[in-house]
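Two complexes follow with chain A in common, the first pairing it with chain B and the second with chain C.
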Partner chain A sequence: MTQYLVRRLGQGLVVLFLVSLLTFFLINLAPGGPSSLVDISTTVAERNARYALYGLDRPVHERYVAWLGGAVTGDLGTSINQGLPVSRLLMQRLGATVVLALTALVLAAGFGVLLGIVAAMNPNRWPDHVVSTVATLGMSVPNFWLGIIAIIVFAVELRWLPASGIVSIGRGADLIDRLRHLVLPASVLAFGLMPNVVRVTRSAVLETKATDYVRTARSKGLPDGKVMRKHMLRNALVPITAMIGLITTVLFSGSVVIESVFGYAGIGRLAIEAANGRDYPVILGVTMLAGTVVVVVNLVVDMLYAVIDPRIRHG
Partner chain B sequence: MAEVLVRTASAPLPRRSRFLGRVLRQPLGLVAFTVLVLLVLLVVFGPAFLSHSPTRTNPLQTLQPPSAEHWLGTDELGRDVFARIVHGGRVSLSVGLFSMLVGLFIGVAVGGSAGYFGGRTENVLMRVVDTFMAIPTFFLILVIVTSFGNHPVTIVFTVGLGFWAQMARSVHAEFKRFKTAEFVEASRALGSHHLRLMVRHILPQVMPQAIVLATLGVGWSILTEAGLSYLGLGIQPPLASWGNMLQNAQAYLFRAPVLAVWPGLFIAITVLAFNVLGNALRDVLDPRG
Partner chain C sequence: MKVRGTLFRALVALLFALGAAVATAQDADTSAVLNLATNADPTLNPWTPGAVIESNLINTILFEQLTRYSPEDLTPSPMLATSWQAEEGGLAWVFELRQGVVWSDGDPFDAADVAFTFNDVVLNPDLGAQSASQFSAIDRVEVIDDHTVRFVLNEPFSALPYYLASFAGIIPVHVLGEAENPLQVASFNKGIPVTTGPYKVAEFVPGSFVRLVPNELYWAGEPKLAGMVFRIIPDLNTQVAEAMAGQLDVVTRLSPQNVRGIESTGALEVLRQSQNLFFFVAPNHDDERLADVRVRQAMTMAIDREAMIQAILDGYGEVASGPVAPMLGALFNGDVRQYPYDPEAAAALLDEAGWTVGPDGVRQKDGQRLSFYMPTGQFGDLVPATLLVQQYWQDVGIETDVQVMEWNAYIQDVVLGRNYEVTLAWWSMPPTADVAPYFSCDAAQTGNNIPNYCNEDLDRIMDEGRAALTLEEQADAYGRMQELLAEELAYIYLWWPDILTAKSVRLQGFPEITANAAFQHSFDWYVTAR
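Entry: the complex of A and B
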């Protein structure tokens, strides 16, 4: 187990290293890269001063090594537009995104598993059709458009919920207020993620339904609810967990757009601000953070397999 | 079981027409296919019949409701919304299709080589795939768009790059499965070189599955382009795309909420049609799914 953990950790680090290599060189070698930030019409001395300020006076591989050295110790450089350390900007925004993402994940997993079970218990009958229609809609309707429609309906017309932000101005510590701001973005985000969970749950439950041990449990006279909980769900849990690991990536991409729709000041919003303002150190930092989270989540999911299903032994 | 009986009972037809034919025999598959054909006809031939320009502004007729003159009304600059939908559809559909082709091509090339050659090639290539899978797609796209600009061709390649890794992974597994198949071994024994084995013998076996992924990929690409353009990082005005129309519309949510409805509706219908078609294709290939 320990050996497996170490190996997986190593693989994760290699992937992260490659992510950093890819993003750093993509950004720095592109024609519109950081060097284009320096105004060509200025004098040579001014230009050189700027290059030196951004560290552009050194060759790109040296800059990469310096950046990587800093990144390992948590120093991701300084934002060009805001003049603050990138790591500080990330930490300021991380909390909001984690709250939004976790809420969406819980909603998506909860409703997804529930609907998946309903569909699998009634294959090819109307509940199954309804669920698959909802799931296909969730996959097809643009998430940000759903967000806009939700704002029109619930904020503009009905005035039930706030249209944007994390808190109302002047109500910093009000929990109810925070939750009211969370409802729309989290539900919209969850609606887009749910179809994946539904699909996997449905096929996993359908598969266990046909197994001998479920038939045995049934013929012993075990009530349906117990068969579902103890025999079917338990076995379906591995593919469902795997899917939840997978959708973390989707979740991150989705939150970039959704945070912009709802003016929610998280990591995604930071990424868009940085992209529009060509703030390269921030883009690099945000991408590395996202990559790290994905790698860590996948590692945790891998570990969870062994907990959920004792037959899986990582050797 | 019924599926098996039907399949063995049906008359032997040429492979390709049977595949598409079985998809079109499913009611949902047929509807999705029809919707897509209509959409393509609309964006290809529509502009020839439009009496309004998608970019001509008219300060006297801003934010008009739908009328006989302007079928879907006008936007905040007095431009005809229907004309913009049709022209925007051209852009959105082309970006979706070409991005899919980019993703399909790279995915099949990388995944196929990894699966076929195995060993070190496989190790290196699949680590690259892992890397692309580990960066949330939208961040990768942001990185590329900020560094390389937002020319429509760049957008096509960028969105395609967000999608190839998944394709590579699935193609990789299939190539691995087929490389030791008897018909491949036979051809190898006859002296076929690697490229011929891969393209002529294994690829056709893998293609149906790749087509399913590609169909779903078009929908995904359209959604991604729309999101990117909505954020102001994709297709730039005055060129209309369904995504950047929504960006404009959000500023007028209180005065003209209906402006936000049309482009999104067209995106949703188009992507829905591609997804339903993709699912129908999958059902035909794998009735258990």
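Entry: the complex of A and C
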């Protein structure tokens, strides 16, 4: 088990190294440059001074080696446009995105499993049709559009919820206020991801429903609820966990769109600002953070398989 | 008669001032918090590289300058300096500083802060301070006593008091003096900076908002609002929607397309402000086809600029006859050669210059074709404007190869690298007729003289303007400069756009002349009671 973990972590580091290499050269070789260095009225002398200040006058490969040396020791460099350490920018924004992503994940997984079970228990009857219609809508409606519609309906027309932001100005410590700001973005994000969970749950439960051991459990007189929990769900959990793992990585990219629509100051907005302003160190920092999340989530999901299904052994 | 006229005007002005004072005292809602927007996290230091549109207006409130624009005619008026005077025939300027000004942390403001701002920050070439090139005429700033400084110049620079009013905030030496790089102190730029303005920062939540509260130590007394909030809203359409829903009191840099919806609410009014800003097509003077003035004049006459202003700006603009905008009053000279839309005259002029229509409809001369590489950047209305110009020129037999580039790449390659034959862009300048940084031989090839235009006669006139100490002398020199520029068409001038700002009708004391001047006078802002 330990050996497996070490091997997987080693592989993860290799992946992250390749991601950093590719990203670094791609962004540095793209035409243009950081927006704070090339604004239209900057003269050549000013631009040269700024390039020297940020070390951008050195060759790309030298800069990569310098960046890598810093990254290994936890120093991701300094934002060119904001003048703050990248790690600090990431920490400022990470909390908001984690809260948003986890809330959306819990909503998507919770409602997804629930609706999937409802559908599987009533195959091809009306509850199944309702669930599959909702799932199809969630799959096909783009979430930026849904976000704008949600703002118009719930914020502008009904005035139930705030349109944008993380917290009302001057009410930083108010938990209820934060939750109210979270409802719309988290729901919209979850709505788009939930169908995956619904479909996997439905087919996994349907599959176990037809197995011999479930028939045996029923015939020996176990109550329906217990059969569901102990026999069907437990076995259906492996594909569901795999799907939730996949969703977690998609959550990250989904939050880029949702954070922009709802003016939610998280990692996604930071990524867009950095890309628009060609802020090389921040683009790299966000990419590395996203890469790390994907690597870690995949590892955790693989470990969870062994917990859920004792037949699966890592070695 | 004259005396009576002046007396009468003075009386009227006094009555108005009294009326305004009474209205302020009675109607101001002192509990009002003003909501404004900016498109990205601001950098709270006016000199930090990259502190541009997202930071300019909030920095104008926070960091006071030696001078500011008068709300009547944009002449420099006292702010942190109370008076100034040129010495040594314009090679030095002495500024008397205001007494009793304190920084928001309680430390007194004095001459050392001014000397630090210029000597150690703006004039330090290693820091690459924002718009430092505008101050290249300054050699150093000398401290005469605690409240007197002398700007020692390399060359005469009569526009100095104007430039000192243009995003030239003074920063505190006692806070930033020890920093390795005073432009990159995070706790200052992205936290709570130490400032002298009427409002100071109370809270900066990255990505969300910056909250300002009154500066109780302000030299002119307590300001009239309970505070201001700059919300960070990247999208202009969202800003407009929030304003229409009553969530924002001021929206700057509106596009003409937003105006009608905003005015329909009744709670907001749109101000047509101006700025010393002109749009142009730069002809590359290194290209010998464009070095012939007749070609440039024909290219100007071939463009229907009135129609373009209607199409692109919904009419919110004016045909430009040169780089100096009419808002400059005495320094503006509108009595110069004009080029009204006349495609026939343009064609005749091109014929006269030897460029005759070839078999493919494109003009040619000695085996050369009148065909130009015209790159453009994805920014604002540059692309549609470029395509319209392409159409107009095609009508008179001038071909253009339009390439659309990503904005940063455009600046790098076209603006800085001069890799173009013609290109459409704009210059935004301080409100002065001193346009040398955009036209002088010194600024060709490496500076902001994008067309690489060089004319020694022009340089001489601009030097005269820089050395002229009275307004009359300046008006004379710059008047001749504008005549020459209209004749020569160093740039093909397109238009002076209106700068559109929406504000709540309840917000008063808000100078209408330019957005920058309005924010320099934020102390006078108040909100009327409902």
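In the analysis below, the second predicted complex is superposed on the first by the 295 of 315 C-alpha atoms of A that agree within 3 Å, B and C clash if a C-alpha of one lies under 4 Å from a C-alpha of the other, contacts with A are read in each partner's own complex, and residues count from 1 in each chain.
Here is the rule we go by: a residue touches a chain if its C-beta (ideal position, glycine included) is under 8 Å from a C-beta of that chain, and two chains touch if they have at least 3 such contacts.
From a predicted model like this one, the values you see are computed outputs, not experimental measurements.
**Student:** Quick check for you: in the superposed arrangement, does A:Val156 touch first (chain B), second (chain C), both or neither?
**Tutor:** both
**Student:** Touch check for A:Leu16: first (chain B), second (chain C), both, or neither?
**Tutor:** Touch status of A:Leu16: first partner only.
**Student:** Applying the touch criterion given at the start, work out whether A:Arg278 contacts chain B, chain C, both or neither, answering first, second, both or neither.
**Tutor:** Once the two structures are laid over each other on A, A:Arg278 reaches both partners.
**Student:** Does the superposition put A:Ser260 against chain B (first), chain C (second), both, or neither?
**Tutor:** Both: A:Ser260 reaches chain B and chain C.
**Student:** Looking at A:Asn81 after the superposition, I want to know if it touches chain B, chain C, both of them or none. Which is it: first, second, both, neither?
**Tutor:** second
**Student:** I'd like to know which partner A:Asn122 touches here: chain B for first, chain C for second, both or neither.
**Tutor:** A:Asn122 sits against neither chain B nor chain C.
**Student:** Does the superposition put A:Arg93 against chain B (first), chain C (second), both, or neither?
**Tutor:** So A:Arg93 only meets chain C here.
**Student:** Return the residues of chain A at which the contacts from chain B and from chain C coincide.
**Tutor:** Shared contact residues on chain A (touching chain B in one complex, chain C in the other): 30-33, 156, 260, 278.
**Student:** For chain B, which residues count as touching chain A in their complex?
**Tutor:** That would be residues 127-128, 130-131, 133-140, 142-149, 219, 223, 226-227, 230-233, 246, 249-250, 253-254, 257, 260-261, 263-264, 267-268, 271-272, 274-276, 279, 289 of chain B.
**Student:** Please give the residue numbers of chain C that touch chain A in the complex, ascending.
**Tutor:** That would be residues 40-41, 43, 48-52, 125-128, 131-133, 181, 183-184, 186, 189-190, 205-209, 211, 229, 231-234, 238, 242, 245, 405-413, 415-416, 425, 427-428, 443, 446-448 of chain C.
**Student:** Applying the document's contact rule, which stretches of chain A touch chain B when the two form their complex?
**Tutor:** Against chain B, the touching part of chain A is residues 11, 14-16, 18-19, 22-23, 26-27, 30-33, 136-137, 139-146, 148-149, 151-152, 156, 203, 249-250, 252-254, 256-257, 260-261, 271-272, 274-276, 278, 280, 283-284, 286-287, 290-291, 294-295, 298.
**Student:** In their shared complex, at which residues does chain A touch chain C?
**Tutor:** Residues 30-47, 49-50, 52-53, 78, 80-85, 88-89, 92-93, 156, 163-167, 169-170, 172, 260, 263, 265-266, 269-270, 273, 278 of chain A touch chain C in their complex.
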